[in-house]
Each structure stands twice: as C-alpha cells, then as structure tokens.
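Beneath this line is the structure, given in structure tokens, with notes to follow.
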Amino acid sequence: MADWLTSLQTDTPQEGFELAIKLARKGVGYTQPSAEVRDKLRPEYAENADSLTAASQVVATHYQTVAAANHYWK
Amino acid sequence: MADWLTSLQTDTPQEGFELAIKLARKGVGYTQPSAEVRDKLRPEYAENADSLTAASQVVATHYQTVAAANHYWK
Amino acid sequence: MADWLTSLQTDTPQEGFELAIKLARKGVGYTQPSAEVRDKLRPEYAENADSLTAASQVVATHYQTVAAANHYWK
Amino acid sequence: MADWLTSLQTDTPQEGFELAIKLARKGVGYTQPSAEVRDKLRPEYAENADSLTAASQVVATHYQTVAAANHYWK
Amino acid sequence: MADWLTSLQTDTPQEGFELAIKLARKGVGYTQPSAEVRDKLRPEYAENADSLTAASQVVATHYQTVAAANHYWK
Amino acid sequence: MADWLTSLQTDTPQEGFELAIKLARKGVGYTQPSAEVRDKLRPEYAENADSLTAASQVVATHYQTVAAANHYWK
C-alpha cells in the first residue's frame, strides 16, 4: 500500500482528531480494500445511531494514541 | 471544518468531562456531517438503554485522554 | 449544568470505584437529560445480562482514569 | 455499601486477575443490586459465547488497572 | 483455583501474545467454569465472524497489559 | 505455532499500523485456526459495516500498543 502515514505529530489537537479519524477509516480499508464496497456500505451505517457510536469509539481509541504522541499538545 | 478544538486543557474535571462529550459527538459528526440526519437519529437512541451505554463508553474513552492531558487536575 | 465533579481524588479505592460509577451515569445523563426517561429505561436493562455487562465496561474504563488520578491509592 | 475494596495491591498476578473479576462483578452489582435478579440472569449469559466474551472484556479492562497498580508484579 | 499465572514476564513478544490469549480465555473460564459447556459453545462462535472479532478485542486489551509489563520487549 | 512475531519495533508509523492489523488477525487465528473457515467468513463480515468497524476497533487497540513500543516514532 502506498505511503499514507509518515508521522503521528500534528500541529493542533483538532488536526490530531482528524488524524484519528483517518486511522479509524484505514482500519476499515485494510479489511475491505474495495472503495466501491465501502461506499455502498456508507449510507447504511451513517444513518444508524449505533453504527455511528461504534465508529466514534474507534476514533476515541485512536485519539488516545495521537494525543499521547503529541504530549497532549502542551 | 472550522476550528472547534484548540486545546485539551480545561479548568476543572467537570469541564474536562464536558469536553469528552464534545469529542464523542464530533466523532459522530465527522462520519455523519448532516445535522439534520443526526437530529433525526437522536430520539431513537436517546431512549434506548444500550445505545446510551455505548455513547457513555465513548465519553469514558475520551475522558481518559482529557484527564491525562490535564494531569488529572492535580 | 450544576457542579457535580470538582475532583478525581478519593480517599479509598472503593470510593474511586463509586466515582467511576457516577461518571458512567453522567455520560448517559448528558445524552439523555430527562431523569424520567432514564428511570423508564432502567428496569429494561437492569434485568438484561448483556446490558449490565456493557454498563460494567463503562465503569471499568472510568475506573482506569480515577485509579491513575489517585496513583492507585498508594 | 459495606467495604469491599480496601486496596488494589495483590501478592501475585493471579490474585490480581481474581481482583479484576471481582471489580467486573461489582460493576454489575452497583447497577443491579438484587442478588436474586443477578442469579436469575447468570445461566442465560453463562451459556452464551458472546456474553462470556463481553464479560471477559470487562475483566481485561480492570486487569490493566490492577496490573498497573502492582507495577506488573515486578 | 490452582495456580495458573505466576508472572506476566515472557521471553518474546509472541509468547506475550500467547499469554494474552490465555488471559482472555481465563476471563471466560472464571464466569463459566464448566469445560464441557465451554466446549459446547466453541463451534458456535468459532464460525461467527463477529464473535471472533470480539474475542480478538479481548486479546488486544490483555496484550496491552502484557506488553507494558515487558517494557515492550526492548 | 511457528514464529510470527519477533519484535514490536517498526521503522515507520505506517508499518506499525500494519503490524497492528497483523496482531488483530492473529487474535482471530488463535481462536479459529482453520484458514479455510476464516476465508469462508471473510466475505460475510467484509461487506458488513458494523463488522468492519469492530475489526477497526481491534486494530486501534493494538495500535496503541505498537505506537507505545515505538515511542510514537519520535
């Protein structure tokens, strides 16, 4: 797979959050590499509250990693 | 997306908790950017015990991050 | 919301555990602010094994935070 | 509630694991204080693989806390 | 219960992973002590993708503990 | 089982992410050792949004471990 992640460092907490979202999506992408299939699945879960909560849980877990890597931007 | 997170520092543990809630919601917001759709979903899961527990789990995960960032407000 | 959390410090590991339970419930309370609705939901999940396990999971996550904040009461 | 947790320190990793199990059960006990109800629920989830896995997940989370509290028994 | 865990130290990251698997199974074993029942449940969840993912999640959580206990084998 | 993990060290954050994916799959592989069965299950969950999110959650948990082992590649 092409390079998509060269550093966990970000300038701000918000950019770190957006990196956590990217990591969460990549976790899906490695299991389901077809963008076509992923696009087909998106409407289904993006309108399901529990699916959205589960996605937010993955982001929260990655954000712990990114925030630690950035010493919480202090 | 406009700036919504400039620091993980808060004055009190309670404000930190409220920041964790904001982070949990943002995790949903990045996946489902339509406020209209999110508003439609809210009644459904806000009256479902398991959905509320899952939402509380995301908050707990973010609260670990925020609390660490604030040295547990000590 | 009125002040409900001024410190993560507790005198004993057990009081810390009870604080973790409070935090787990507050995570629900911010999403579903109606005590009436929450009371209506309680019997349903308090007699469901999987719901109770999920609630215990949230407590476990918060307990990590509280225990770290108290240096594990050492 | 009577005292049930005075320390996170244990002599061995195994006793720490057993403390984690106790913590997981207490997380349930605070939500469903009736031992009678909990006993009624037990057969149901103790023969359900996914329920057992979820219970094991709570134990794993508490074990992180107990192990850290004991410096991993080193 | 007989001694089954005397140390979290392992020689290699792989042995640590195998210890994490043991811990995950013990978390089940304390809740369902009957090997006969556990054996009966195994085929059911070992052929269910979501059950396997949940089991892998427990292992991942324990692996965090074991890896930290071994200073990540460095 | 043959050696498959000799170190948690990787050269880059992306290789660390790929190691986390390997760890997540190994967590499944120890529970369901049959590659044939795993291959049969794959299409089912690789086209299910919630299954993919759950898989991504396991990866996120392992990535915390791998990132810590590498001092966040700093």
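A few comments on the model shown:
For clarity, chains are labelled A, B, C, D, E and F in written order, and residue numbers in each chain start from 1.
The rule is short, and it goes like this: a contact is a pair of C-beta atoms (placed from the backbone, for glycine too) under 8 Å apart; a residue touches a chain by one contact, two chains touch by 3 or more.
No experiment lies behind these values; they were computed from the predicted model shown.
Common neighbours of chain C and chain D under the contact definition above are absent. Shared contacts of chain A and chain F, meaning chains that touch the two of them, come down to nothing at all.
In terms of the distance between Cα centroids, chain C is separated most widely from F.
Interface residue usage between chain B and chain C, two copies of one sequence, is largely distinct: under half of the residue numbers at the contact are used by both copies. The copies chain E and chain F differ by a rotation of 60 degrees on their C-alpha atoms, rounded to the nearest 5. With every chain reduced to the mean of its CA atoms, the largest distance from chain E is reached by B. Taking the mean of the C-alpha atoms as each chain's centre, chain C and chain E sit 27 Å apart. Separation between the centroids of chain C and chain F, computed from CA atoms only, is 31 Å. Averaging Cα coordinates per chain places chain D and chain E 15 Å apart. Residues of chain E in contact with at least two other chains: 50, 54-55, 57, 61, 64, 68.
Contact topology of the protein chains: cyclic, one closed ring where each chain has exactly two touching partners.
Those residues of chain D that touch chain C in the complex are listed here as 1, 3-9, 23-28, 30-32, 37, 41-42, 44-45, 50-51, 54-55, 57-58, 61-62, 64-65, 68-69. Chain B contributes residues 12-14, 17-18, 21, 46-50, 52-57, 59-61, 63-64, 67-68, 72-74 to its touches with chain C in the complex.
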